[in-house]
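Below: a set of structures, written as structure tokens.
Both of the next two complexes hold subunit A, though its partner changes from subunit B to subunit C.
The block that comes next holds the complex of A and B.
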């Protein structure tokens, strides 16, 4: 039995190897394609986000299939939501598939793990939704299509101040880099706006996966804030808001773009009505021609509303293609990097995109509020 | 005579492997280098876990926590001081450690020692437990370590993680550490301590009756295991160039549990084989993630993520047919290898005898 099984295993491997060889031969035959590497978490914890972004990139590839007169071929690789895999797969795309530009990824820690690889090999990478400032800091080869945590935190602070909030309580998901970043810059901006450090009356922490927030909420209720800023994962946040309402806490909640999922509304039900969040994209504010094309194509391809993640991934592809076009070469990755670094007023889905000297996209934010079980556009914050 | 021959062969093998490491370091691409490095780092951590779980028979699931300590020692002390403000952008680093900079090897050892110290403190209450209870308690402690790291913002940068650890992608460096750990543990297993560990694994009561101090030996194994896990974690951090607490969720421990169960609980060579199979095997299976066209028809199954399905099926099959892992508790020895070379078909004959 054991021997039979060994034979089976060996033949499975042999078949695998053959199919691998077959693929390579075909690739050699069509050298007139430009390969663009894509690495995303398609399995593991972040698979949902990775899948949404893959849709955006595939859609963009469909709409803009050619650059410099050559066909663009996507080489999609899975990073398993694992940092070590993210680094290996970035190396694989560069060494084995010989891509000269990489798109990805969802999740800042995954992007940071790949950061050293792209820097060493001098191949530019464009992040889709990795919002941690560290991703592009000290790394000339990492860019991103999304705005960063500090910007989002500042936007929400301005929004809260504009709507008359004087005292704010912050409840952050302390084990989430994204939430901690947002909370920190919200706090700084809000203190600056009000001119008093007492305007933040409480900063409370919870862990990913927590279910009971009554202790935090009771404490905050006693301090009577005007508004609560609670950046974090959508499930925990929805539960948090639900429990706040049960405790009779009626003040509005503000959050970040992670809330923008159907699950947030499903879990929170009517309790999350009135919760506001900042995000990168809304169809009502979709001003560019590219956005209209994107919306039409998305509805045709996948039905339903595209999420901001899909739009950002679409934009990352546009930035890559635009870089290759302006560099005038698809083989010199350093030239492509220089071209991407100079991206200016690129017509993208989430508005005209310009990259700053860190490689971060400077773009406006949209504020949405939950109304009648839907995310409704409420405000638009432009960059100053 | 045979002993001397074996020693010479081992030295030749080590030199050969080091030569191979040298070759890989300079002559191959960064993808292969990365996979080889990852195999070796995982082998160190797998071996460290094998020391408690395989050799001493204590089912501990705390490896992720000890790795985290080692990784953070490297993260905190090796990031160049000039880059620290950009890493600790949310809250500045605690002034007591803000200016301490160490070379990598020192940070690795500091990380290992810290992990061993924590293991000593945890071990005192926890090692009195047995079986499942010990597993649950160590799992809990590894989560505690992670949560402490998440909340120590000024030391570890909390959830934001640390970036800009000077990248280490030198195969020789990691090979030297791996070889040292393997030699040390092989030597340890063949001392009276090693035999005591195995005695505890086989039967605790009998071992105690033979005069083995159970607690002393268990905590020794536990501390050594934590020390090497700390070194492995540090190398892991240096290899990736970044650490964050989410890396060290308890699910990470299962990676290494998989490696040692696959390779064989209580086998040093097994840990190496398991680590290569899991790391390089998963990379090899990426061919199933690439789209495949047969006779002009794209087969829909071949899409990103498919390799994980294949991997799971292969794992199930392996565990079904090799219940005790690939090596069991056996080891690679020169005697057996030479016997095999002299009579390659003898192995089938012997098996027949075993069955009868």
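The block that comes next holds the complex of A and C.
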């Protein structure tokens, strides 16, 4: 309780200070460098993710060191995986370092903690891998390079439609936000694609921890769907698919990136063969020229294989630089914000990126399918 | 209205499939509920660790078949024996020292034993799900007309009924069964009458846990993902089944298990839009039955309750 009040007090003070500062006239001195704030957890619980993303940003800075004829200088700030710290670090980047655009962060709660600061100071921020829809909701100054979780639903709807599915059954883990979000987006997108609300023939629910799905599967089997979309936890999903096969239901199953674990294949065995899921980035399949450059540079710099986090952070930097370039200014943060909001078909590592009206990335996703006990790249879905 | 719509639209094949699913699930619940009710009948305490004993038996089976490559039928026998021993050990460690303590203390001790087993499994086997060994003979699919049935689903009701018969025979017609009944009436008096109540209780736990092991093996074949939390939901559901049937009554537990299993399937079959509220169904049935018959369907009136 005490801690809660002290945090409350501290944030009240911080807000007070900020509103005081906001009134001051900021005269950005002309200089030869453009400062870009990097806002990541480099210590604390999320340090591993923050470190991978910092690599991506540094690599991007090395590949694209200049914009508007000036050198881009990274001002790296550590938000220490701590929400209170995140707010003050974001404020410091803006107040003290006078950055006009911020890149980061890993961790949705950290991004949300800084949300009000960037909004009040009118400095745009580009999230790297914060996937919670709340990060950009009601915040014109927060964008992100990753797509939000439920967007995978849209991706899978496009994939199902592309492969000729007409009638789909949805089985969602109703006690899981992630699964419900995916199912909702899938439903909307699929109905729009087919133009018929009847194309979703059934939406069935189950709870986290359920083991027996025979009743919902028997219902669905009687309705003869072409494909079943079943986002959810990997253990339940594997059991679900096994039981479907036992009931003689042979249609393909589609899901989200939570399935991409070895346990999904271990528990599901041969029954999950052919199950497909979507994911942001696949290193085997570089889709853009930028991705090839990125992969080469990464191997030279760090050895080994880059993670999706590194790729997304690289893309966040590209979005920032592209925004500054199109705004034609490195000092007017509102103009930069407007330019970033207009980002369209930007050639980035994880695919051509467009930002939607919420500031969330819309881009192609990779589809992987279980084949011979492994997740194999099968397709690339471009969502328009 | 929707009920009739669903009923009219349902084809005979689907209906038969639902019934098969329901009987298979119900007899699994029944199997595990018997173990609950046995311990309650003797000790008047709920053994909340029963679900976790089921979980441990699943891990034992995994180690027997997948790690040590013992043939499955031998593994089953070994698992039943080890699990019975585990039950006896739990009783020795967690319940016997509290024999003369208030009933509430034993109840708390049972919850403690349950957490201990879950965390122990988490520590020893990690939280990552393991695959229950695939026994082709039992997990293969059979088609009866349009109805698909897993071989194990045919065995489950048979095994449950056979176990029920054997158990009733032991309780009603043997000397140890007579001691059990004596202990359940009043263990102070039973002790005075020269019955070694510690032995009787140990044997009760051994039988209860052996039944849990049989239930676990069938559960594992039917739902082959093993996690440390595997026992929680079946534990709760089967406890409800035992209470519905009248806790302490062995036939009641079987009846309760069937009502619960069939009910859960039927509610989804006829009201597909309620599929997310299946668990709520179990609790509603429990409340309704207890409202009209506080001792459960086949329960006897007792003056003492936990």
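Just so it is clear, the second predicted complex is superposed on the first by the 212 of 384 C-alpha atoms of A that agree within 3 Å, B and C clash if a C-alpha of one lies under 4 Å from a C-alpha of the other, contacts with A are read in each partner's own complex, and residues count from 1 in each chain.
Please note the rule applied: a contact is a pair of C-beta atoms (placed from the backbone, for glycine too) under 8 Å apart; a residue touches a chain by one contact, two chains touch by 3 or more.
From a predicted model like this one, the values you see are computed outputs, not experimental measurements.
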Query raised in the report: With the two structures laid over each other on chain A, which partner does A:207 touch: subunit B (first), subunit C (second), both, or neither?
Result: both
Query raised in the report: First (subunit B), second (subunit C), both or neither: which does A:154 touch?
Result: neither
Report task. May I ask you to decide whether A:221 touches subunit B, subunit C, both, or neither, giving the answer as first, second, both or neither? Result -> second
Query raised in the report: Of the partners subunit B and subunit C, which touch A:46 in the superposed model: first, second, both, neither?
Result: neither
Query raised in the report: Who does A:343 touch here: subunit B (first), subunit C (second), both, or neither?
Result: neither
Query raised in the report: Looking at the overlay, does A:128 come into contact with subunit B only (first), subunit C only (second), both, or neither?
Result: neither
Report task. May I ask you to decide whether A:237 touches subunit B, subunit C, both, or neither, giving the answer as first, second, both or neither? Result -> neither
**Report entry** First, second, both or neither for A:184, with subunit B first and subunit C second
**Finding:** first
Query raised in the report: Touching subunit B and also subunit C: which subunit A residues?
Result: 174-175, 205, 207
Query raised in the report: Of all residues in subunit B, which touch subunit A in the complex?
Result: 29-32, 34-35, 38, 83, 86-87, 89-91, 147, 150-151, 158-161, 163-164, 167, 169, 236, 239-242, 244-247, 282-290, 292-293, 304-305, 307-308, 314, 317, 321
Query raised in the report: Which subunit A residues qualify as touching subunit C in the complex?
Result: 174-175, 202, 204-207, 209-212, 214-216, 218-219, 221-222, 234-235, 238-239, 242, 246-248, 263, 266-267, 269
Query - List of subunit C residues in touch with subunit A within their complex - result: 10-11, 13-14, 17-18, 21-22, 24-25, 128-131, 134, 141, 143, 148, 150, 219, 222-225, 227, 229, 232-234, 264-269, 272, 275-279
Query raised in the report: Touching subunit B in the complex: which residues of subunit A?
Result: 1-2, 5, 9, 12, 16-17, 19-20, 22-23, 26, 40, 42-43, 47, 54, 76-78, 80, 83-85, 87-88, 91-92, 94-96, 109, 112-113, 115-117, 120-121, 132-134, 137-138, 174-177, 179-181, 184, 205, 207
